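Chain naming follows the written order as A, B, C, D and E, and within any one chain the residues start at number 1.
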Amino acid sequence: MAKRIQTIDLNCYYGDFLAVKDVNIEIEPQSVTAFIGPSGCGKTTFLRTLNRMHEVTPGARAEGQILLDDEDINAPTVDPVRVRSTVGMVFQRPNPFPTMSIRENVLAGYQLNGIRLAKSDSDAILERSLTGANLWDEVKDRLDRPGGGLSGGQQQRLCIARTIAIEPDVILMDEPASALDPISTLAIEDLIHELKQDYTVVIVTHNMQQAARVADKTAFFNLQAIGEPGGLIEYDDTTTIFNNPANEQTEAYISGRFG
Amino acid sequence: MSSQISSRPTATPKAPTSQDPHGRKKPEDMPPRNKMKRLDSLTANRKPSWSWMAAAAGAAIFALLINLFFFESFSIVGFLLIGAAAYILAMYVTSRVLEDRLKARDELWRHLVWTAFLIALVPLISVVWSVLSQGLPTLLSHPGLLTTDMQGVVGATDIATQTEGEPLQGGILHGLVGTLMITLLASVISIPVGLFASIYLVEYANRNKFSRAIRFFVDVMTGIPSIVAGLFAFAGLTLLIELTVGSSPQALQSVKTGFAAALALSVLMIPVVVRSTEEMLGVVADELREASYALGVRKWRTIMKVVLPTAMSGIASGVTLAIARVTGETAPILVTAGYAATTNWNPFSEWMTALPVFIYRQLTNPTAPAAGDPSTARAWAGALVLIVIVMGLNLIARVIAKKFAPKTGK
Amino acid sequence: MTTTSPRTKTQARRTTSEVGDKVFYGLSWTGGVIILVVLAFVAAFLLIRSLPAIAPDAFGPGAEEATDFWSYVWPLMAGTVIVSAIALLLATPIAIGVSLFISHYAPRRFSSTIGYVIDLLAAIPSVVYGAWGMLVLAPLMVPIYQWLHDNLGFIPLFAGDPSNTGRTILTSGVVLAVMVLPIMTALCREIFLQTPHLHQEAALALGGTRWEMIKMTVFPFARAGIISSIMLALGRALGETMAVTMVLSPGGFSWSLITSGANATIPSEIALNFPEAFGQRQAELIAAGLMLFVITLVVNVIARAIVDRQAKKAEGLS
Amino acid sequence: AEGDNANNAGGDEAAAEVSGTLVGGGASSQEAAMTAWTSDITETYPDLTVNYDPVGSGSGREGFIAGQYSFAGSDSAMDSDEQEQACGSGSPFHVPSYISPVAVAFNLEGVDTLNMNPETIAKVFAGEITTWDDEEIAEQNEDVDLPSTDITVVHRSDDSGTTENFTDYLNGAAGDAWTWEASDAWPEDLTGESAQQTSGVVSLTTDTDGAITYADASQIGGLSTVAVGVGEDYVEYSAEAAASAVESAEEDPDSEGARVLDRSTEEEGVYPIVMISYHIFCDEYEDEGLVEQVKAFGNYVISEEGQAAAEESAGSAPISDTIRDEATERIEAISVAG
Amino acid sequence: MAKRIQTIDLNCYYGDFLAVKDVNIEIEPQSVTAFIGPSGCGKTTFLRTLNRMHEVTPGARAEGQILLDDEDINAPTVDPVRVRSTVGMVFQRPNPFPTMSIRENVLAGYQLNGIRLAKSDSDAILERSLTGANLWDEVKDRLDRPGGGLSGGQQQRLCIARTIAIEPDVILMDEPASALDPISTLAIEDLIHELKQDYTVVIVTHNMQQAARVADKTAFFNLQAIGEPGGLIEYDDTTTIFNNPANEQTEAYISGRFG
């Protein structure tokens, strides 16, 4: 079930380099939150700490608390694997497993964990996930073909299907639609709308219209200056951010609005 | 575009910089843009398609002349070498003159790469021809070689074969069985150790001291001479037996077994497995690991199910190389497994002869010193069989690799 | 997502326990430890067994025979290094060429077959290489040695009486080059094939020829792998026993590469003489093995230093 | 002959009792003969398996001392140090069971045989005589038309019993022409072509015109041989000539059962370049079964039957009766350690 | 100098699979042309044939003519290498050379073409290209750092800088801004506007506003049905395509217009 995420004084480092500084944010369950901000301000970095994916990068570490409901998932005693099956993630670049078929890719979350599914269950999950990612019609006749043979957009939708197949509580998406065409994007946005009934959704996007359309709340990140760490500048209801921002940096960023 | 070099409309350089709203210089203020040389037409200055034939013909004639005038007798090797060199040079010059420097260089390297490949084929063909021409006739006329061992074959038998035309006696079965058992056992020991060690290096050790030590010493280990590995395994097992069983003749005589040989071979095999596997695991894209972690998959399952299958083709070829290497070893098996004339299926007791050892001994110490031909025949037949076995292994590895290989096609 | 069945939900949650990770880590770590332990044992074995030769004073009997251990062993060390150097000098460019051929030049349909054909070289046992080297290759080399001597005799490497059997250190080097070729090729080609297509396409899209593209993307990407393959081949060349034993007509140290009865390698010295060796002589031979171990160690230290310096240079960028 | 009878008297009964596996190892020179022996002995003792590890004399003696082998094959006798270490409370003895003439063999187009006295052989191998038409060779071979081909000396690259016997011969017979001690390694300062094992030197010599080498006579194939100067005569190698060299050799005072050959003998019909390869046994073994096995094997090898098998398969020279009797006595005396 | 591109009956195959069928299009010099269409319809495939990059994909081939001014660059006698330094390309995924510094990345085209530059020239090119890609200010102090250490958006801009550094006649861009933030996107769009004074620019985009903003002409690609090859449906002035499309498929696609 959807859970609340709250970070307290979160700092993200790459080795000695402080990439994101002092983020305090509270993300409501059953809502969609968008992270926006210029390139390099640390959106991806911050997002990855939320399911402890940053630990995979050598030298990367996060200091501070990340509360999932009331549990600090950034505590060293917490098993990051459990965190990640609760907090799912879709990446900026599509990354289907090249050795697996489309079917296997979608069911990877089960198969890789050694969970055996009855044929009927797996077929149900497969269809539901692919339909959810708006890919079902295109691939239903070639489920046993390799996942790497799809176009960029198809691959990304496959990755989304793979993530929703394991039904996490929170879904983090790093620019999930940046490689998608409008129709697929629309479908994904609809999907996000649906997902928020059950899940907490966090999405990084460069597309402010998209943020405006799908997000309940929007967080604006920015760098104070080149070389300085990025940080959370403003966080509020999406309508407030886009129509009536409190911070002038936000204002400036939003007013360059287009696209 | 009327000249060889395109010239774009450019503005006066070094004009005072004026900034546009985005903080960029206006194009007018930029330095001249004409650094890229470009030809008028894309088809211009391409050398004619028949130029390679002309070059080949010229090179052949040149090589022939050199051969006739400077060598005492016609040498096919000299002809080919000089001809090839002349051809490559001619093509380079043609391309340099008619096209451009980069085309010429590209062409040159293409020819050199082809040459490297052809050069590599020469010894291959020569060795394979040696083995085939000497081993195949024996094998075809005496297929029984594959199903008999050397039990009861003595010098007199071979003398009878050579001088009185009796059929060739004896065979390589014991060597075949020995090689298979010893190699199998060595693989069972080395492949897991090697795989796990390289997994440790790539997936777990974050360049810590311990892993750097392992990397370093794996490299050192590749340089252990095979004979030393044999002596080491023998000494080590002897010590172990003395400490556990005692030093009665029976106990000591039980040291020399196929197992001892497998241990010796493992010392040689592990570093090759580690080295090649490590390389292959290293190039698996992190994206895939991340995709798996993000699905809440444990690291060990990620490694087993995502990383290893993705790297499988490389690992399989590395492991096959390691197996091929030890399958052909002689010296360490000689000192650890004894030398038996009969077939022994049990690598844990009694002596065992491996095929290379058998080949080596048949070549250097024929069963009948005065009539070495039957021994030589058995040796080459054995060599042929050994090569076929290793190639078969290689083929199996490739099939496995293909099964796991990343699938991209439609 | 209203159709979610509660069952799959719980199934997905059932992440495997941490024990699996711990066990797997333990196994991997053990793999590493085993390597170090084996190597330590090998080193200890070599050291203990060679003490009577290296430190004869500590062992009364046979001491006088061993006094000149160093003068015995240095030509062997030199010979081993020379033959390995020849092998690598010959094999490295060819192996890189063949790997490139397979990865970037050969018609795609054939490239895997070609890889298989080159692997055939690895399938051939060293005894057969030895027999081939002495029976086929050595006689072929005789006129070449004569030519080298006649035309380049002023270079010390080609001075001295050219061998009339071809059983020289150079022939051995050639045989070793053939033997290490498949190892290097296999590793290099796999790495070359792994070069990211994105980067190769970028280079091509900038108007690079195939060769310039290879220079810019494939080689930098594969550098570490190439060095690995060279080290692996070097190990093989340093340690190869039987082929050199059969091909080489050994002798004391000489700069000449083309005379018989000159130079010897440590592994073949051991293989040739160990059967008849006893006591002090055995210690001497094992001590020679220890020296080879030391050579490998030193060579690796140097190689590491070079690699690290290059890596630093690359990192210096960041 | 008495020993033989005693053995035969036991007959099939004794034969049936001897069973198990007897393990030995050592000289590779004996390999061909040993193959014949280990194979043929099963006719008399169907339950006895003899395994022989042709690891080389040195390793054989070492394995014997360490207890890994119950007997050793060796091209040279044990020295006193080794004898002390071997056999625990007992002591080892030697049986000269494999005798083989070492031929001086060469490959020279159109020449089938040459006479050379020990000095000439020494000078050839020492590199002092470098062409085949050298005066010294010509003097001894007046009716042979010698070409001016260069002489290529081929020696063993591995340490070997053959080399030790050959250098011992040159050292003993050639006087000042050969200044090196007997050794199983070819003198270091004499560089030249070399190859591994007898088969290696033989094939290299066969492939090289003008080459000369020394090798176990049974293995020289089509090479021509040198008739060696003994006194005033020149003697071609033969089994009898080799056997008589051993017959006339003296017993080694330091090693029981071993022989010291007189290399400078001038006795008629004796071929002095002979290699004796021994079997080394202990005079007592730990257990009864082993004693039986060793006795059975030792006696079989020196029996006329055994020697004939070796001659047929390996081309060795059979031992004389005197030596056989002596050896039988020692073998029969082997007892269980108590 | 900018050149005209015209394709005549161009078919693109992957092995036996016909991905794009019968494209006839004429792209004017000194103009910007946008390719739009749903994911998987073959925009990337078609674009890649225009500088013969498709030949890099095993099994891929193109049949038909591609006229660059009057020369058929798809003819077998034409050297693809020459074509590519005349027709530059920016890819969907940023792909800077990881072992090279930022400076080397920008100048890679010269190095690849074996051109030695004087320090002053190379500095000028460096600054001009990076400025053009709106990256100069961010990286000018770390030109000797590796190009791989930049964020996704920075990397993409670096790739654009690299392509414009060699000043091709035609620039093909495959979703060049899909990984960029609005400010960078704006800069790139301005850049495209500027580039068209000298070059012929072709751009694939999913962002219809972007197409509307930058393109003089727009080409709509679509699949007839799943499994069928993609093809050019309509090609006209951008204003016509967006306001008054002739084809009803275009109409349908455009009317799903958004973000």
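Here is the rule we go by: a contact is a pair of C-beta atoms (placed from the backbone, for glycine too) under 8 Å apart; a residue touches a chain by one contact, two chains touch by 3 or more.
Bear in mind the structure is a predicted one, so any value in this text is a computation, not a measurement.
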Show which chains lie in contact with subunit B and also with subunit E.
A, C
When you average C-alpha coordinates per chain, which one falls nearest the overall C-alpha average? Tell me, please.
B
More contacting C-beta pairs: B-C or B-D? The answer is B-C
Express in whole angstrom the distance between the two chain centres, defined as the mean CA positions of subunit A and subunit E.
28
Per the C-alpha centroid definition, the whole-Å distance linking subunit A and subunit C comes out as 48
Whole-Å gap between the CA centroids of subunit A and subunit B:
45
Subunit D-subunit E separation of Cα centroids, rounded to whole Å
85
Multi-chain touching residues of subunit B, meaning two or more other chains, are 102-103, 105-106, 296, 298-299, 301, 335, 363, 409-410
Multi-chain contacts in subunit A: which residues touch at least two other chains?
81-82, 85-86, 93, 109, 113-114, 166
Show the residues in subunit D shared as contacts by 2 or more other chains, in ascending order.
28, 55, 59, 196, 200
Show which residues of subunit E lie in contact with subunit A when the two form their complex.
37-40, 44, 92-93, 137-138, 141, 150-154, 175, 178-186, 206-210, 213, 226-227, 253, 256-259
Any idea which subunit E residues touch subunit B in the complex?
1, 14-15, 17, 59, 68, 71, 73, 75, 77-79, 81-83, 85-86, 109-110, 113-115, 117, 121, 124-125, 128, 131-132, 134, 136-137, 166-167, 186-187, 190, 194, 197-198
Of subunit B, residues touching subunit D in the complex
150-156, 159, 238, 247-249, 252-253, 255-256, 334-335, 338-341, 350-351, 361, 363-370, 372
How about subunit D: which of its residues touch subunit C in the complex?
28, 55-59, 61-62, 75, 81-82, 152, 157-161, 184-185, 188, 191-196, 200, 203-204, 207-208
Along subunit A, where are the residues that touch subunit B in the complex?
51, 53, 56, 58, 80-82, 84-86, 88-91, 93, 95-101, 108-109, 111-114, 145-146, 148-149, 159, 162-163, 166, 168
